[in-house]
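Okay, so subunit A shows up in both of these, paired with subunit B first and subunit C after.
Showing the complex of A and B:
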């Protein structure tokens, strides 16, 4: 009982710590002035200003596209590779692990700068900014997706499960994608969500690779940061709500999957 | 027949290989090779590395980056440990609420985070105003635009990430272990010291190295807060590649290699400790 109480206190304190900066940003966006401890002059003008700007709306659409596409691609790629590694060639896991760890060392700036300087003048589709960005983000989230798939595989004891399924007459492909994958999916969805938010919040990579070819909401935000504080905070709130929508979408998808299984 | 099948399953490996080859290995090799080249010529030189370690500006960048990464990773893991412990003990509803808060705030980094901290603790930030009004000098004298200020923003983005990575690991702590320790007369503290933390150690160390790398690579928060006025590795690297007038791609590549080495060292230390830990226990 005592333990329950202390854990509740810890959760509340951490939630407050995490939510205060968010809450203040929101308050900042709906008041005209904030020169004292409390703000004054409630308004929604900054939101109206934002949503009548087509440049912003286009940028937001680009951000949503680029935040979902690479995560789906990367998850499929990792699951396919893991299928081969778990079922046929367990010895390859060491190499795969090293390959999936390397992006740690070439995160952010390094990844962006090296990909851009290598492919900027390359033939299509490599020089296509959307292609470059998608690939860069796939590499960026590779460590997280790999680690998550692997942790979840060992948590369900995949080799044992596979063996059992085969004894019961299931094929290898069937056993992996119909028995193991649904079992590890809840865990993977969590890291997919984490990945979506990472890409959504990225600035370095999109700024370096996308440049003026692919202006996303983050870059739009950086430009307004020095012109209007309130408009920036309104924009931050909108970006934030969009992320929440993406997360909610993934969650409901997950739940639908679960109920359709039953 | 078996031969044909063996080729078929290898196809599933192809997308992974292509991605890794073209967008991980090739760019990585380019950066490494370029860092050993003189500017605008073909050849081999170490001059870029000599320049990094002989200029005060770049020494400072390395020190600042390492300090802020280590300090924020340690602070993050300590908070996350208690967060994960609490989440594990909480009921399903509270846990999923907490998880959604963590998920929600885990993307609050970069420019938005810098902006929020400017509202909170900047020159005319809310807490600074409160400090001034009520004479709390610890608050009113706080300088956000410094190494300490930057550290605060970094700790903020480490906490949700660290917690989300640690919470699943706590599922491996079985309540029976706790009962066994209690039966043998051990307290809650004994349980965590002798059983809980050792069992979690692989996850804790793994998370720690993710956090270190995460902070080292962080760019947008520092850039939005301090622009070019503060020496951090990622900011100095970016400068070498995106300058409008002059670019120093070779020097920038050498800086990038230094940053990569830092990440590799952190992963290496992590692996070494894990291996030793396994040997001691085995």
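Showing the complex of A and C:
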């Protein structure tokens, strides 16, 4: 009982520590002045300003798109590659591991500059900023997605489950996506959420590749910081809620599978 | 032609030859055990029959059909693995129904069949539970039900009871035998446990180093091992060199030969017994003893040669260490075995 209480206290302290900056940012964004102990002049004008600015809405939409698209693409690529490795070519696993670990060693700025110098003059769609950003983020999150899928495949003993499904009359593809993938889904979801937060928080790659051609919410925020403190606070709150929504969306994938968990 | 026939099967993994010219047959409805120590090739042969491994050379026939190059799906075989291999995201019902769904059996028929299977393995009321909520024994019963639900042509059991505690293992051994008899399903069982093989099998094929060392009914293998390996693997034979055996019985024997004697075949007495020309009689002293349930295993010494003797633990009377005993062993129970 005593241990339970102390655990609760620790959790509450951590929550306060994490939530206080967010709460203060929110308060700062809904008041006009904060010269005394308490703020004064309640207003929603900064939020109205943000949501009536088409430049911001476009930037936010782009941010959401490049936070989701690369993760979906990377997940599909890694799953298909792992299907081939597990089912047909187990010997390729070592090569796959080396390939997937290379991005760990590449700095974001090097990755972005390399992609830009290589593809900027290439024909469409390669020179398209959205395409370049999607590809760059796919490379960036590849190690996390691969390692998560690999660990989860090992944990469920995928080869044995596949053999069992085949003996029971299932095709290899059906067995992999009907039996193996649902069992490793919780692990995939965790790595997807990690990837979402990484991509959403990135500024180096998006700023280098996107530049003025492809303004995202992060770049919009950077510019707003020099104009109005309240406006940038409102923007931070909006971005936080957007990340929360995306994370909730990804997490619902896991919950969809929850009924069939133990 | 036998129901299952392996003809000159060779299987290599790289330079490692795991199966060396295996030829064996299984009759319809039999429960046959592939017995042997780890790494002897028994599981590999089972996997070749299931279609999970390709043979390097040789042919496999099932009910007269050459299935050597067929996929696992086409072979219509059921298999139970040591590690259960239940699908964790599917309930007991869905696990058992999986094979039937793959065969596109109508829903009503699936329901009926799953119900029968659940009853057969005594898991009524557990249909909605998930594998993680079941004990090891229950999980293995689900695996068994799942594998027979599709009415396979052969049931393969790859050390299915190895991860289960002794009490449950006995219960499942009984269940497997019942299923084999009730459904008449031809069953190939792989184990390294000779007791399990003795209890379950119609025929045992003893494997050693990728070859069949000896085949036969359990009693044949137990009472008449042909090689030193068979004698050492089956039961608790005393394996004695010709010289040592000669020392025990007080007669000269060819030193190059080996003799296998079951410890329970010795007759023990505190006084000399009357002479019989069909048996050897000699004296020995008690060195030590161990209690094996209802059997006392003595280590005796005769002319500096140690050997084991099993005596049924009928009373609390024990032979003391150093006590002199008179032993009789019938000549027919001293088996000359090949040293190969």
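We take it that the second predicted complex is superposed on the first by the 236 of 262 C-alpha atoms of A that agree within 3 Å, B and C clash if a C-alpha of one lies under 4 Å from a C-alpha of the other, contacts with A are read in each partner's own complex, and residues count from 1 in each chain.
Basically, contacts are C-beta pairs under 8 Å (C-beta built on N, C-alpha and C of every residue); 3 or more make two chains touch, one makes a residue touch a chain.
Because the structure is predicted, anything quoted here is derived from the model rather than measured.
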Review point. So if we stack both complexes on subunit A, do subunit B and subunit C clash, or do they fit?
Key: fit
Exercise for review: Determine, under the contact definition given at the top, whether A:111 touches first (subunit B), second (subunit C), both, or neither.
Suggested key: first
Review point. Which partner reaches more residues of subunit A, subunit B or subunit C?
Key: B
Check your understanding: Where does A:102 make contact in the superposed view: on subunit B (first), on subunit C (second), on both, or on neither?
Key -> first
Exercise for review: State whether A:244 touches subunit B only (first), subunit C only (second), both chains, or neither.
Suggested key: first
Review point. Where does A:139 make contact in the superposed view: on subunit B (first), on subunit C (second), on both, or on neither?
Key: first
Check your understanding: Between subunit B (first) and subunit C (second), which, if any, makes contact with A:218: first, second, both or neither?
Key -> first
Exercise for review: Applying the touch criterion given at the start, work out whether A:182 contacts subunit B, subunit C, both or neither, answering first, second, both or neither.
Suggested key: second
Check your understanding: Which of the two partners, first being subunit B and second being subunit C, lies in contact with A:57: first, second, both, or neither?
Key -> neither
Review point. Which of the two partners, first being subunit B and second being subunit C, lies in contact with A:120: first, second, both, or neither?
Key: neither
Exercise for review: May I ask you to decide whether A:16 touches subunit B, subunit C, both, or neither, giving the answer as first, second, both or neither?
Suggested key: neither
Revision key, fill the gap. Shortest Cα gap between subunit B and subunit C in the overlay, whole Å, is 11
Check your understanding: In the superposed view, which residues of subunit A touch subunit B and also subunit C?
Key -> none
Point to revise | In the complex with subunit A, residue positions of subunit C that touch it | key: 50-52, 71-73, 77-79, 81, 83, 85, 87-91, 98-99, 102-103, 130-133, 146-147, 150
Check your understanding: Which residues of subunit B touch subunit A in their complex?
Key -> 6, 9-10, 12-13, 15-16, 19-20, 22-28, 30-31, 79, 82-83, 85-87, 89-90, 94, 98, 100-113, 115-117, 119-120, 124, 126, 129-130, 133, 156, 159-161, 163-164, 168, 171-172, 188, 206, 209-210, 213-214, 216-220, 223-224, 234, 237-238, 241-242, 249, 252, 256, 259-260, 263-264, 267
Practice item. Quick one: which bits of subunit A touch subunit C in the complex? Just the residue numbers, please. Key: 156-157, 160-161, 163-171, 179, 182-183, 257, 260-262
Review point. Quick one: in the complex, what on subunit A touches subunit B?
Key: 3-4, 6-8, 10-11, 14-15, 17-22, 24-25, 28, 34-37, 76-78, 80-81, 83-84, 87-88, 96, 99, 101-111, 113-118, 126, 135-136, 138-139, 142-143, 147, 151, 155, 187, 190, 193-194, 197-198, 200-204, 208, 218, 221-222, 225, 229, 232-233, 236, 239-240, 243-244, 247
